[in-house]
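Which chain is which? They are A, B, C, D, E, F, G and H, in the order written, and residues in each are numbered from 1.
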Amino acid sequence: MSDVICMDWRREARTGVAEAVFCPGKTPDQINRIVHLASRNSQRLLFTRMEDQTFGCLDAGVRALLDYDPLSRTAILGGPPQRTASKLAAVVCAGTSDTPIALEACRTLAFNHIDAPLFGDVGVAGLWRLLDRIDEIASYPVIIAIAGMEGALFSVLAGAVPGLVIAVPSSIGYGVAQGGITALHSALASCAPGVVVVNIDNGFGAACAALKALRWRMPMPDAARQDASG
Amino acid sequence: MSDVICMDWRREARTGVAEAVFCPGKTPDQINRIVHLASRNSQRLLFTRMEDQTFGCLDAGVRALLDYDPLSRTAILGGPPQRTASKLAAVVCAGTSDTPIALEACRTLAFNHIDAPLFGDVGVAGLWRLLDRIDEIASYPVIIAIAGMEGALFSVLAGAVPGLVIAVPSSIGYGVAQGGITALHSALASCAPGVVVVNIDNGFGAACAALKALRWRMPMPDAARQDASG
Amino acid sequence: MSDVICMDWRREARTGVAEAVFCPGKTPDQINRIVHLASRNSQRLLFTRMEDQTFGCLDAGVRALLDYDPLSRTAILGGPPQRTASKLAAVVCAGTSDTPIALEACRTLAFNHIDAPLFGDVGVAGLWRLLDRIDEIASYPVIIAIAGMEGALFSVLAGAVPGLVIAVPSSIGYGVAQGGITALHSALASCAPGVVVVNIDNGFGAACAALKALRWRMPMPDAARQDASG
Amino acid sequence: MSDVICMDWRREARTGVAEAVFCPGKTPDQINRIVHLASRNSQRLLFTRMEDQTFGCLDAGVRALLDYDPLSRTAILGGPPQRTASKLAAVVCAGTSDTPIALEACRTLAFNHIDAPLFGDVGVAGLWRLLDRIDEIASYPVIIAIAGMEGALFSVLAGAVPGLVIAVPSSIGYGVAQGGITALHSALASCAPGVVVVNIDNGFGAACAALKALRWRMPMPDAARQDASG
Amino acid sequence: MSDVICMDWRREARTGVAEAVFCPGKTPDQINRIVHLASRNSQRLLFTRMEDQTFGCLDAGVRALLDYDPLSRTAILGGPPQRTASKLAAVVCAGTSDTPIALEACRTLAFNHIDAPLFGDVGVAGLWRLLDRIDEIASYPVIIAIAGMEGALFSVLAGAVPGLVIAVPSSIGYGVAQGGITALHSALASCAPGVVVVNIDNGFGAACAALKALRWRMPMPDAARQDASG
Amino acid sequence: MSDVICMDWRREARTGVAEAVFCPGKTPDQINRIVHLASRNSQRLLFTRMEDQTFGCLDAGVRALLDYDPLSRTAILGGPPQRTASKLAAVVCAGTSDTPIALEACRTLAFNHIDAPLFGDVGVAGLWRLLDRIDEIASYPVIIAIAGMEGALFSVLAGAVPGLVIAVPSSIGYGVAQGGITALHSALASCAPGVVVVNIDNGFGAACAALKALRWRMPMPDAARQDASG
Amino acid sequence: MSDVICMDWRREARTGVAEAVFCPGKTPDQINRIVHLASRNSQRLLFTRMEDQTFGCLDAGVRALLDYDPLSRTAILGGPPQRTASKLAAVVCAGTSDTPIALEACRTLAFNHIDAPLFGDVGVAGLWRLLDRIDEIASYPVIIAIAGMEGALFSVLAGAVPGLVIAVPSSIGYGVAQGGITALHSALASCAPGVVVVNIDNGFGAACAALKALRWRMPMPDAARQDASG
Amino acid sequence: MSDVICMDWRREARTGVAEAVFCPGKTPDQINRIVHLASRNSQRLLFTRMEDQTFGCLDAGVRALLDYDPLSRTAILGGPPQRTASKLAAVVCAGTSDTPIALEACRTLAFNHIDAPLFGDVGVAGLWRLLDRIDEIASYPVIIAIAGMEGALFSVLAGAVPGLVIAVPSSIGYGVAQGGITALHSALASCAPGVVVVNIDNGFGAACAALKALRWRMPMPDAARQDASG
């Protein structure tokens, strides 16, 4: 069975985003083996959607190698990045309950050398909360916006800022919120042109898209730069 | 077949909203007979969703009795109301394309003695258009709001005014707008509490709800008042 | 992380409905902090969808400040309201299983100074149960109606009373009842004009809409009145 | 290609309902051939959903053999039935627009020897219209009920009569009525036990079900009786 | 809170089917009270969807009054019926997994004086299993058919028997079986005319429909007969 | 714009199925150019879903090169195939209305050197029609089955024959038939194991699958054989 | 109740696929009885979707007769097959999480005398992983492909190989992946002609289809051969 | 009615994308007035989804002012842009039928000073067509990809290039392609991280998003630059 794991170490050079591991459906044993494989290759690695209990079932030696954050359910192998760019991306979320997704985006950005601030609890039911902070948000070239329920934040924000708004519909809500489908459709049908959208609760994907949009502006790691030009 | 038309003349006294006739699926002959029936009973009557071609197929004598408006697709039998209340309800719509639905609501209100102004083209993609007029809108106890696409207007509006916001999702849009379903779900899942919703494109229904909410405030026609207390 | 909580204390003056806290997705620690924040500001506060286990995890001091009701899953901070209006709103529900939603509506109304009676078990399968009480129900200007399954109650009720009927589809049922979607669509497509609808199981939202519809009729708290005119 | 038509002349003996021809998707030439085939076999035959233009395209000789009714879109080959039973089935419909479906049911019953009256325009928005006639309706062992929009008629009716209620959801309505899906789900999720349902707009199918339910009560044609016992 | 239970003891006389109690959403205390209420009125009563744990939480005295069957999740108050009719209804099911729904139908029929046999495991993947027994099945005037997955049994059966086929789609299956939706739509779109359908897993409802279809044929309880004629 | 047409002439050698042209969305001018391109390369070519009016708009010289069949909406460039295999595939359809799809499958097979007979009008409502012919059908290694409405034919057939059953759900039907979705889901959820399915109305795709399944059995055209081994 | 189990021992001779037992919804007692029944008839038997806990609840004597594999959730009665064909079918899967479904397919093939290799972790996000192995995969006449999320693997694979591609959409993914529906629709709407599809997660069904497609190529067991010709 | 048009001339400075006019639902008279309004303000303006017949109904003087392109259904007021950047964005589409959407994107980019090449007919059914051109495509920082049916192009492309991939699902296809929903969900559930998505057929929105992503790289018009900094 060992052949069913086939890591794509060349992904960052090829696509601008490093290989990451989506944990659901993988056994602790498989994750242990992936960590060892990456360590032997001196590869940094990001794990997403790693639940508390999964982390607890990993080998002690593997756990010691990982920087695990339970709220965002992410783990990082290989320590913090050395150079970090700021003022490139901001993360904005409508309600307190969207925090885990926001943090998944922030951690993914940090793993890829971008330091992004979080603007929380700015839902449009009390529009002054957003308007008070809109000038600062508008100064970022890329803005990851997270909202559940009806997702009205996406349109209001995109109508007010010049940067790229990447909408992450969240599964917060009940009834017709339908686990994020209404926020998703709301983002896609936005009356403000230029909103782009990723899958429900996909903070990781939004951060990857931000990286791709910012690739030509940010300080690229030397290795990747060589690989890309080679 | 004459027995399949059975008008409910007591509806206004019983429910606060006069009997109205939904035209789709009715033949011109049936509409002619309904007009004659109402005329003989000295009943005023509102027809909704009457298309141009349907109106054109009615008897000339019947057409002469009706005040027909092609944009809102409504026809009124019995002439304008004698007393009209203002400052009770406003109609707000997000885009130019929502105008026909807005006018259906305005005409239904006018038929029922309420004069409602129309605030058009205030979609949230350019929020200043709404904010410029929000104080005036906020002075109405009932506000009918019409929006298609993602329906973000409903939440922004409801978070800013004290009156009852009746949302009418419109079928404007394409793709995931799904003929109004996304705007509908957006209104129902609104993060601003207290939004109430009617069916897609149902300007008539929104006006009826406004009438029921305002019934105790408006100058009631004497006949209806007697009937209700009788 | 403290900045991700941003209370909207001006909401009641602005929108006619006081700020409330939707508990799902919030940690006990966040709720503890919200209670302390409100206490320091002498603000009354309503918590909705607070499950038994969440309440049990709050600090003892916080629990002592709250009036918690497990059936409606609501908690009230700040004691009972001083003045209460009656004969303004009624709550009607089709079956015994709809009681928790009905009580959420009643508690929300009570928190906002309105005393609303509950008319239970009046589903249309035995129409005499509703007809026996219809005259009393018809005397209220606003009626919150709760029904699951096929939601036939909404149309029968709206065809019989002059007040505003606010329909709350409930998630009671199985199979094609689809967790409340059928009752929701039934309410929206009602043949009785003027029914307005809120999200599935949203007793709180229905009560907020009732408050907005009744705002000009009820004895307004002095502070809010000043704020609104200020 | 002649082999792709294969009539099932034994169907009535086997299933209690005679073979019928669903016209959509069939060419005029195929229908001509079916009529000739039936004539040669001295078989009576019912055609459903035959549009005006299809009938107009048939051979003149074939048209002369058919009793065509454009409103119900049915055609009957072989003349009126000789014996007809009454007081066995009634057809009830909510609105004027449901008439074509109601007539499809009535014609199908008539073709099969049952004379069924039509109770029209008894929708529940004005409940008195139904209550005025409920005692007469309740005297029938089988009741075919037709309603679109929210289909509340099905539950009210089934809660009031002892006979079998066969619900036919109609495609009347717009928005969330979804071409009859809401009425369909409403009928299936009815709080009144014992409602059975057929496909949207399927007046023919409802009549067939009525025939099967009444088979042991009605005067059976002699031929069929012999076939069944043979 | 005692007023939210309102039993409909006149239902059997009015509709041909006795009042029954749907247990989900009801507390053990409410069920205890309903049993006492029925006992005091000497009413027999059927409880459906009563889970093991709910039965276990009832008062010991109440449990002693009930004939509880865990497989069909039904409980009967008032003992077995005195007269029972046979050869009126049969229950047919496609697979072993449909047995609980089949038994719910059988118990409901037995409670209402009809003794119905069960024909099991006759799915169409091995058609000979159905064909071996089709002559016996065809001798019943009403046949309740239960099938999940694609529900092909309904069409094959209805094309082969003269009785009324009442289809109960079951939630057996996975993927596109969608909890019974595919079997439901399959039954409604059947190419065999005259199939009628009830909600997914609704063995109780199918039995009620059977009772209504058979009401004029079966030995009616004397009391009900008087009530109906009175 | 000429670069937006890029034919895949190597497809047959690579995948076992020759390049074909799906006409919807292509202008007559584009189709003219494709025909000329293929002629210059001495390539045979199949066009699918070519409507009458599209064919009529092609250049006269192009029309002369094509063998056009309006019922199946297919056109063939390059004349009939020289060698044809029989007894490999059969096409079975439930009703007369499924004929156009059946013929699309037959023509696609013929274009690819397979002669397939059509078994029509064998729907399961009259099961004897299928049982009379089942032995002959069972002798084919691949069977393309076409059915709309509830698609019960797929399960009955697959439970009776040893060959591969490729189900083509057709869009025949109305209401819950939902343009073929119910037949599609019925095929996928079939209780008879081994049914495989293609998109709704996709007679072409079913024939392609048949070709791939039969590739190792049929007399391969010499050119393709060389290409594949080369 | 013993009559509700009715095994179809003749299925292999009739359809090319041996009877198998789908375990969900069956009690341990029923499974025990099925094993004893098969043993007494000297029938080999495959059980699918047998969960760990179900296996654990079987009688010890029954457990000893079964070859149980927890990862694929299959159990085999009757020992390994004597002759096995290779180079007939391959199983390809996009990600590590699809392994259980892949193994269900492999075990079903092995039970039916076919030895199929597994090509794992070849998802198209890193296309080189698939291209590196495509020539080997292309040498198989039947390829079972398993993918979740967006299912792009199906089209890329089918455009590159001559064999029959049987797509198994898997339920891996979240949000709009909708439990496999997106991968399912992706497979059905594939731009590469000839892809055939089975239900979500249905590795067993895909293997059965492979068996039917390969029936005329593989070494058939002698008994089945006789039965089929007899 | 003139107040229902309210242009947002400050939108470009505020959001990076100039005001554009969505034509569906607007009357020719309204479009005439908008053109005059823009002309008087010396504003350039883009009109989208303007059908042939709408353009034909405009005033001759207005038509003369517009650069209209019927294939992309766009019209431009104010002449070509003076400075144009190249090598910033590419447009890639899967099939010939996607051309109109591709051209809408190209024209929107051109209107906003970006010259983008079109790579057509590179669908993954013949992967070599994409692989032949992938190096050139990979050199662009932003790639707009258009595909209908199953949308497999999005994942393959995003796994191979470092730029931002903006997916536009197109409504090309039939059956389960569902007017673009399957391609939409496929893009959102892509296994290749970082794909972002806009509404079905929304070439205009994709171009707007590209503009926002490229805003800091491209030569900004002087006026806009001043406005933004002012």
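Note that a contact is a pair of C-beta atoms (placed from the backbone, for glycine too) under 8 Å apart; a residue touches a chain by one contact, two chains touch by 3 or more.
Keep in mind that what you see is a predicted model, and the values were worked out from it rather than measured.
> Please report the smallest number of touch steps linking chain A to chain E.
Shortest path length, in steps: 2.
> Residue numbers at the chain F-chain H interface: does the shared fraction exceed half, giving same, or fall under half, giving different?
Counting which numbers both chains contribute, under half are shared, so the two copies meet through different residues.
> From the centre of chain E, which other chain's Cα mean sits the farthest off?
H
> What's the distance between the Cα centroids of chain D and chain G, rounded to whole Å?
45
> Between chain B and chain D, what is the gap in Å from one C-alpha centre to the other?
Taking the mean C-alpha position of each chain, the two centres sit 36 Å apart.
> Could you work out how far the Cα centre of chain F sits from that of chain G, in whole Å?
Using C-alpha averages as centres, the distance is 26 Å.
> Which positions in chain H touch two or more other chains at once?
11, 95, 125-126, 158-160, 175-177, 181, 184, 188-189, 192-193, 199
> On the basis of the stated criterion, which chains touch which? Give every pair.
After working through each pair, the chains in contact turn out to be A-B, A-C, A-G, A-H, B-C, B-D, B-H, C-D, C-E, D-E, D-F, E-F, E-G, F-G, F-H, G-H.
> Please give the residue numbers of chain C that touch chain D in the complex, ascending.
Going by the criterion above, the answer is residues 94-95, 123-127, 149-152, 154-156, 158-160, 173, 175-178, 181-193.
> Would you pull the chain A residues touching chain G in the complex into a rising list?
Per the stated touch rule, the residues are 1, 3-6, 8, 10-11, 24-26, 30, 171, 179-181, 184, 199-202.
> Can you list the chain G residues touching chain F in their complex?
Residue list for chain G touching chain F: 11, 14-17, 20, 141-142, 158-166, 184, 188-189, 192-199, 204-205, 208-209, 211-213, 215-217, 228.
> Show me the residue ranges of chain F that touch chain D in the complex, using the header's touch definition.
93, 95-97, 99, 118, 120-122, 125-126, 128-129, 172, 174-177
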